[in-house]
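What follows is a pair of complexes built around chain A, which joins chain B in one and chain C in the other.
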Partner chain A sequence: MAEKLIGKDIAAPDLLAKITGRARYAEDFRVDGMVFCKMLLSPMPHARVRRIDASRALAMEGVIGILTADDVPQVEPHREPVLTNEPVFEGQPVLAVAAVDETTAADAIEKIRVDFEPLPFVLDPLDSLRPGGPDAHTHGNVRVDGEWRRLKWSAADFAEAGDERLPMGEATAEWSLGDVDRGFAEADVIVEETIVHQSLTHHPLEPRTSMAYWQNGKLYAFTSTQSTQRTRGALASALDMDPEDIVFVAEYCGGGFGSKISGSTLMQLPAIFSRKIGRPVMLRITRYDENYIGRARPGFQGWVRMGLRKDGRVTALDLYLVEEGGAYGSGDYGTAGNTAHLMYQPENMRFRAVSPYTNTPPKAAQRGPGGAQIVTMLEPIFDKAARELGMDRVEIRRLNAPGPESTFGPRETPLTSVFAREALERGAELFGWEEKKRLSGTRSGSKLTGVGIGLSPYTAGSRGYDGLMVIRPDGKLYVHQGIGNLGTHSIADTARPAAEVLGLNWDQVEIVWGDSSQGLPRSSVQAGSQTIHAHTRANHAAATDARRKIQEIAARTLGGTPESYTMDGGRVFRRGNPGQGMSFAQVARRAIALGGRYDGHEVPEGIHAETVPSVGRVAGQGLVGVARDDYGGEGAIYSWVAGFALVEVDAETGVVEVKEYTGVADCGTVVHPRSLGAQILGGSIQGMGMAMTQRWVFDPEWGVPFAKRLYTARPPGMLDVPLDLRWDALGIPDPQTPVGAKGIGEPPVGAGAAAITSAVADALGGRCLCRTPLTPDIILAELEGRRTFGRLETHVG
Partner chain B sequence: MAIIRDMIPAFDLFQPASVEDALALLAEHGEDAWVLAGGLDTFDWLKDRIKRPKAVVDLSGVEELTGIRDTGAGIEIGAMTPLSRVVGDPRVRADFALLREAAEHVATPQIRNQGTLGGNLSQDTRCWYYRSGWPCYRAGGNTCYASAPKAMNREHCILGRSRCVAVSPSDTAPALIALGARMVVRRAGSESIHEAQDFFIGPATDIQRMTVLRAGDLLTAVRIPEDWAGARHYYEKVRDRGSWDFALVSVAAAFRMDGDTIGDARIAVNGVAPFPVRLDSVERMVVGHAPDEALATEAGELAVAGARPLRHNDYKVPLMRNLVRRAIRSVA
Partner chain C sequence: MDEVDITRALERSVSRRTFIKGVIAVGATASSVGYLFRGGTPLLAMPAAQGTAERLLTLTVNGQLRRVDVLPHETLAMTLRYKLGLTGTKLGCDRAECGACTVLLDGVPHYGCSILTHQIRGRAITTIEGLQNPDTGALHPVQQAVLDEGGFQCAFCAPGFCMTMVGMLEENPDPTREEAAHALSGNLCRCGDYHKILNTAMRAAQLVRRV
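Right after this comes the complex of A and B.
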């Protein structure tokens, strides 16, 4: 590839709109007759609605209507309904009221009386597993093979563990590779720890607001979401309608971190309410609402035993995770188990897990779900083994990290490419590991210095999506993007290969995104760090289709074979004779005249059914390039970040200060360096917040959360970030994809977090607190021998 | 009655242009009035509809409440002076750097631009049970949720509890106590002056108020005498995050040295009691002694004598002890 654009810093086309405030987010839309709604949230963690008296609210001037659980699609109890008469977490929406303005709607909600019958609730999954422990749902506490069960461990299971070790009764998920007992028998060093990882909310800057109305049988929906086409699909499926009957608008998204992948359950509410009252309905979500319905990363209570030979290889890894499933379940534990195997390549492994439902707000993927937690939990324990073996921590990671022939997980999945060792080496060099590791555990006054490493993999791609683009008679390439505009620049950066294939300069390219009425192709969800991989491929494929059509039109018009033509700067011309050619503007007009497959009136075989009507929408606009990514490939696509941190722990206050951080990525070809740096460091900083400050707190007596505001939930702030931040990327292309790029959104989180947990343990002389977040109280109490929370307690702080 | 948050209900807004007018409004509306300074405490209460005043008296138009002036015997800072202005004031920086440091540790630059010195001193506690609208003693109810057996109380008090276990959240309060400041409180027709440490009251005095201010009262200014101008000082605030966070524990201390020994000292801590605590006994103990490690250790131990931690805040005992030690060490 010519690569005029790949690897360059080019600002995204929405930058100006964002910095000038012109960008329209979901809550910026206003239409004639629009009303506002407010929701009544459950005041209890688990309850049954016995009676609703809304008479005083409905009698108020300006109140338009009410929406209750009876008005929304009925779903099975393990699925989240839009509104419910049996709330399973405090803050769950019970009903909504629409009024001419928002204050009236709020005042009306205050006038409604709901008679709630309190039901037993549980916050800590271990409490649910105790003999006679409460179940989060009236149907049970776990789901196994699609059925509810009441899983209780025996008193002996708990007694055997005592207060300091995770009790381990029956698991609901289990797999093994090799023979873990044999692995431990072969080990020279065995480390074992019980670990607690907190649950934390996503708290994107923009809450999940939605507005909707109906016109001529079509639904117009404006939603804060990470994806576009796939969110439209999710909304259509929830409302049991044809996606083509939805005009879906989501041009901008103020962050999601996994909590708005295909929108959210509540995006249905304005659509349903609007259908009921015949007015456009705006549901503005406040920070308070967002705290409850904005999703959270599940916490873990875990236990690990790791065995290593003298040569440093991991012979056995035994991992047990109790996941806090939240109100509607969670599956982070599965990824956590696979990631543990991927990271250390143990010769033998056993993985067990159980994920009881709890009466806490629903969980969802949060940037590196499962992977980020397990890396954060395990890296300091791995360090402990390295310490006992007297091995260098970079070296022991290099030794165990996967290579090109490695597989991972119970299905022994191969990888498309892996350069984890190289990332470690480059990171160690950039950070100055050899020199800095000499500071390990040194004390200056009250400050203890520690250095740490987090080596974090995460998924980074997918295959088989469609690309769709048009060269219009203005001579420009219009790349239609069905992915979302999450703030990662994907809408623009994944279009670059199309420009490269067609020899265009960037100012000859326009991006069409965020409005399904424009005709958008079948896309990946904007999640799983897939898009740079999935959609550079899809756009490469569609551009290759367009290129072929341009060559054909040139040959038909000017003579010769299609192959004898090449293109550059918006012109197609004879190889060796640039004078004999035509402009893309002429090509576009010619394509329209020719019709058929040239201008989209004929749709090629093999593209996704969802793309077909979108091709119809652009047909006749110009020369249409449309294709499915058929490049194929074998194995899972993973990126890696090796994070290195230097911290100072104040032994007199428990305060951790991160002094330096370096993150180096193995994420294939670098498409957009500046944006990549923002992802590597931004994700790492989010991880630092997870390791150090951010968490949720629940009162166990009443079952309600406290850290409901940004200042109490404590995501990291400017002064929690080290001044010395460095990043780099290996830039080694993935061989199985034409552009060579792999995703990067998620791997940095575990790297940033684990570098901190590893460095803090190092500062404390190898003592792993095995608990996050590492707030000053936790550290100081441990140093002073006055622990203020039980070893396995969750939702504290 | 269902709960609504994040939506300020309607109220009557008054925007007086003079202190006299403000006092008249406060007198007229009595218990129904709410004094609005920078709004950082106020708007949370109003948005959450937990406090529902009928009349809000917004002081932002009262120019005479803003500014820092030399009184000849020290400085007087108007209660509406933004914290960022306190931080940047040359006289404060030169003579009362302890206050500058404390004010600079408040929240974030944006909040320091909006927040005022008077507001920082008069703000309500951040006990999350109370701030969530639970009917506790402080809210006029008959229990304390934060000291219940299973309560989450890592941020609550270890000293000075009296039914309520909340802590004072002010960063500037301990600094002003250490500087011997006085608070000027006016009400229609009268004025009273309070020593800084007496301005803050505990739940034993009145469980529903954090300060001496009653309905009709207005904190108009803070006077800082020359007594501790240019004194050596120590300020430290320990918090979970580097910014936008209240103190877990903070310490503010001013020292006059007499050769190698401490000639005079005033030390206050916050985050440990429902009011900022002046450590008189520690002050008496350290005066006349060289600030060596032994003295620092002794001072730290004395400071926490009688501390009664709750279930989850035992760490505050060593934290307070260590911060007091560090304050003494700082003049070694």
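Right after this comes the complex of A and C.
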């Protein structure tokens, strides 16, 4: 019998390369004649380039060429260009120089004189909404229905709010369910808070480096990206090319966390530059560059009012979010509103939001976009209500969490499965909640202890992608993966169902990935925690196609019906008569001889147009399995993580120390336990960084950032996280997908962060600071009853 | 006008502020010059510019003598990656913040981005490429431990962590989990895979003691 693969710890096949130095990330590729480019970055948050004098730079020995905004595709003002003459954030690339080596390119940049005309800028979205406030773009400060607008609130809107509460003028997005006023009228307890969630940079450890060259009219592009097949599409679309004219290579990605979903805008630069100068161009992005152009999670300033009945049920939730849109806009607020509704299932809800553009680095999805922020902000406020009602915090969450019949959001979307209550229960058990909650608020010396909970949902799947695989004459199954390789081990783990459908052992399976010339199927972007769901389905479908073809070939060769054959260990044989059969190697050769649909020379109907040329690439290699995921399904696919933390807050220094953390997931069938645990704990740890240390700090006078490097906005290091980390998963399959697995990348971020914000509030006797990150100065200010910062200011540490 | 006065003036006058910012802007572009690389591939063979002269050095890398032209300000990480083809050493930050470029000098972990190649002649340099036994192909216990524990996610930090682990186990082959965490705290894993990395370190210690 072939080994059972789902649910086993099997190290990914690329791991050895990663620890011997053989794995090639984008910056590790070399080609003959390769030159380096460096970019000139805007020194101002908003400016217009009046004049560029590059004569001294171009005269330097070793300098090969210059690329300016005139050389790159022109885009609408709300879209990010590769290079620009009107930078809208400090650090935006204005031009690039290529030279024989990186230092010469950098020296050349120093010799270029650019005359910048400063333009009005804005860092804080509320400032842009003030009467007469500055606009981040010359065209306006918000976009509504695809049009620029200058949205200003009235002086009365601001005066009414005072200094402590969020002003709430006209919103650009709004929905409601039920009657929020009636909901508050029915409430026995009402809590109301103004909240501030910071913006923070993604900072994957590998910056977004790219290299490119042209050969015989084809573009060879090497880039750091989360996805592969879809990033090639994005690059082709940006350069107005046929994707088939790009050989796209992305074998390894040193982290993305949402900032490299379809690569990055700057991946176009080496391609364009190389076309201009006729040399391969390496754009090595430094950490310094990455901080500016590496994307950031948008911050929120918000206001929340929550009403609960005596029995603990949430009767009303009123939420207003002002999002910091950054230089090119953001839309995290939408998910935030939906997530708030999903978490607490309020009987009535109103949601309003506005997302003004700001002259800060561009925003992008960051692991759990919108959801992570709102969970982090709302959980301690929910705790406050629980405290007023005298209810246990696990119990009140269980009471309000969605069940199988629940829907969420303005369109009242159902869920494929939800076991949030079970995750809470298991988490409470594993953490020892009943015992540890007694420590709540206790003091030992200068240390205050608090315990907290974060219950965090996020999207976890998608449907309808293609699978493509080949059984070659060596008898092995080659699974072609168009998804990316960013550390989730998805390229291997999503192939396991294919092996199981075909009765193969794992050593009979090879993974083909990271190089479009190998032929990659239409795939999901490696984002939204969808991959394990989307591509176990797609590979299951393609393997089922291969299985049918194997049975047909066996029947044609050995007689009988296809149904009378089964397979195991790389052989297909007559049911009940294992002696009568053939090896997969023989099947592959027979498929090649038969041709047509068996070896990929005929393409089945229904697969995506982008998969068709890839089938052509593998045609004739062996028996081809190719199919679209037509399994269907109804409702949104969500996973959950219940996070529990125990923290100590030092009342003398304001330092928070996380002593214990437990995360339990509802994410369907467990495919790869150890990798799942790594996602749950790793995501939670990223959440801890969000809750405690990472942020942007700007000089409001000049609009330039101070926290420019890892050490000034530090992600958690090994000593910042507890040694006592625990995880578990419920392992209850999602009934609507053949393998039962749902994604897990994103839910843990909100769980980790909210467990901290909730625990810190608990340590402080239930006082919600209602802002992140919880740096020592903020905590001391709260403890000592002084405010060293404006309640609503963003971007202060 | 001193700095404080300038600030006050700026608060009063947008036009003045605009003017001064324009002045400041000229030649003050944001740039990351500093920890960079000079010296092309052999094919380019460009003479060094700006009066900086390369010097032919002999380095001991992974047990082999390697002769290489090195600039006075060239970092070891750059020499390894761009001149010796040893791209296993990663650049995560260029400036001693992340540890991705950690290599061993005479068995002791160092950040390759913060060492000038000129300073280390005569010392034994070990990179991730040098951990596997070149004759037998046997993995170093640290590498074996990574495979055993399924260590790392994106693994951009992995070479640095592995080198630090090797250095740590030289000094302390029987660390507690807490000691291991301290020893490895100079390396950053942005995926937050610390739990698995510590499991790996403890497993590696077991394997080292068994050897």
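The working rule: the second predicted complex is superposed on the first by the 794 of 797 C-alpha atoms of A that agree within 3 Å, B and C clash if a C-alpha of one lies under 4 Å from a C-alpha of the other, contacts with A are read in each partner's own complex, and residues count from 1 in each chain.
The rule is short, and it goes like this: a contact is a pair of C-beta atoms (placed from the backbone, for glycine too) under 8 Å apart; a residue touches a chain by one contact, two chains touch by 3 or more.
If you're wondering where the values come from, they're calculated on a predicted model, not measured in any experiment.
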> With the two structures laid over each other on chain A, which partner does A:G21 touch: chain B (first), chain C (second), both, or neither?
Replying inline: second
> Who does A:P118 touch here: chain B (first), chain C (second), both, or neither?
Replying inline: second
>> So in the superposed three-chain picture, is A:Y711 touching just chain B, just chain C, both, or none of them (first/second/both/neither)?
In response: both
> Where does A:K276 make contact in the superposed view: on chain B (first), on chain C (second), on both, or on neither?
Replying inline: neither
> What is the contact status of A:T286 with respect to chain B (first) and chain C (second): first, second, both, or neither?
Replying inline: both
> Once the shared chain is lined up, is A:T653 touching chain B (first), chain C (second), both, or neither of them?
Replying inline: first
> Which partner does A:K8 contact after superposing on A: first (chain B), second (chain C), both, neither?
Replying inline: neither
> Taking the superposition as given, does A:F698 touch the first partner, chain B, the second, chain C, both, or neither?
Replying inline: first
> Given the touch rule stated above, what does A:H601 touch, chain B (first), chain C (second), both, or neither?
Replying inline: neither
>> Which chain, chain B or chain C, ends up touching more residues of chain A in the combined arrangement?
In response: C
> Which chain A residues come up in both lists, the one for chain B and the one for chain C?
Replying inline: 38, 40-41, 43, 102-103, 106-107, 109-110, 112-114, 286-289, 701-702, 709-711, 716-719
> chain A touches which residues of chain B in the complex?
Replying inline: 1-7, 9-10, 44, 48-49, 108, 128-129, 132, 145, 148-152, 154, 238-245, 248, 311-319, 322-323, 325-326
> Any idea which chain A residues touch chain B in the complex?
Replying inline: 38, 40-41, 43, 102-103, 106-107, 109-114, 286-289, 446, 652-655, 693, 697-702, 704, 706-712, 714, 716-720, 775-778, 780-781, 784, 786, 788-789, 796-797
> In their complex, what parts of chain C are in touch with chain A?
Replying inline: 7, 10, 14, 17-18, 21-22, 25-33, 35-41, 43-44, 46-47, 49-50, 71, 81, 85-95, 97-98, 100, 127-129, 131-132, 143, 146-147, 149-159, 162, 177-178, 181-182, 184-185, 187-198
> Which of the residues in chain A come into contact with chain C in the complex?
Replying inline: 9, 11-12, 15-16, 18-25, 27-28, 30, 32-36, 38, 40-44, 47, 60-62, 90-91, 94, 100-104, 106-107, 109-110, 112-118, 120, 203-207, 252-255, 257, 284, 286-289, 292, 486-489, 674-675, 677-678, 681-686, 689, 701-702, 709-711, 715-719, 721, 723, 725
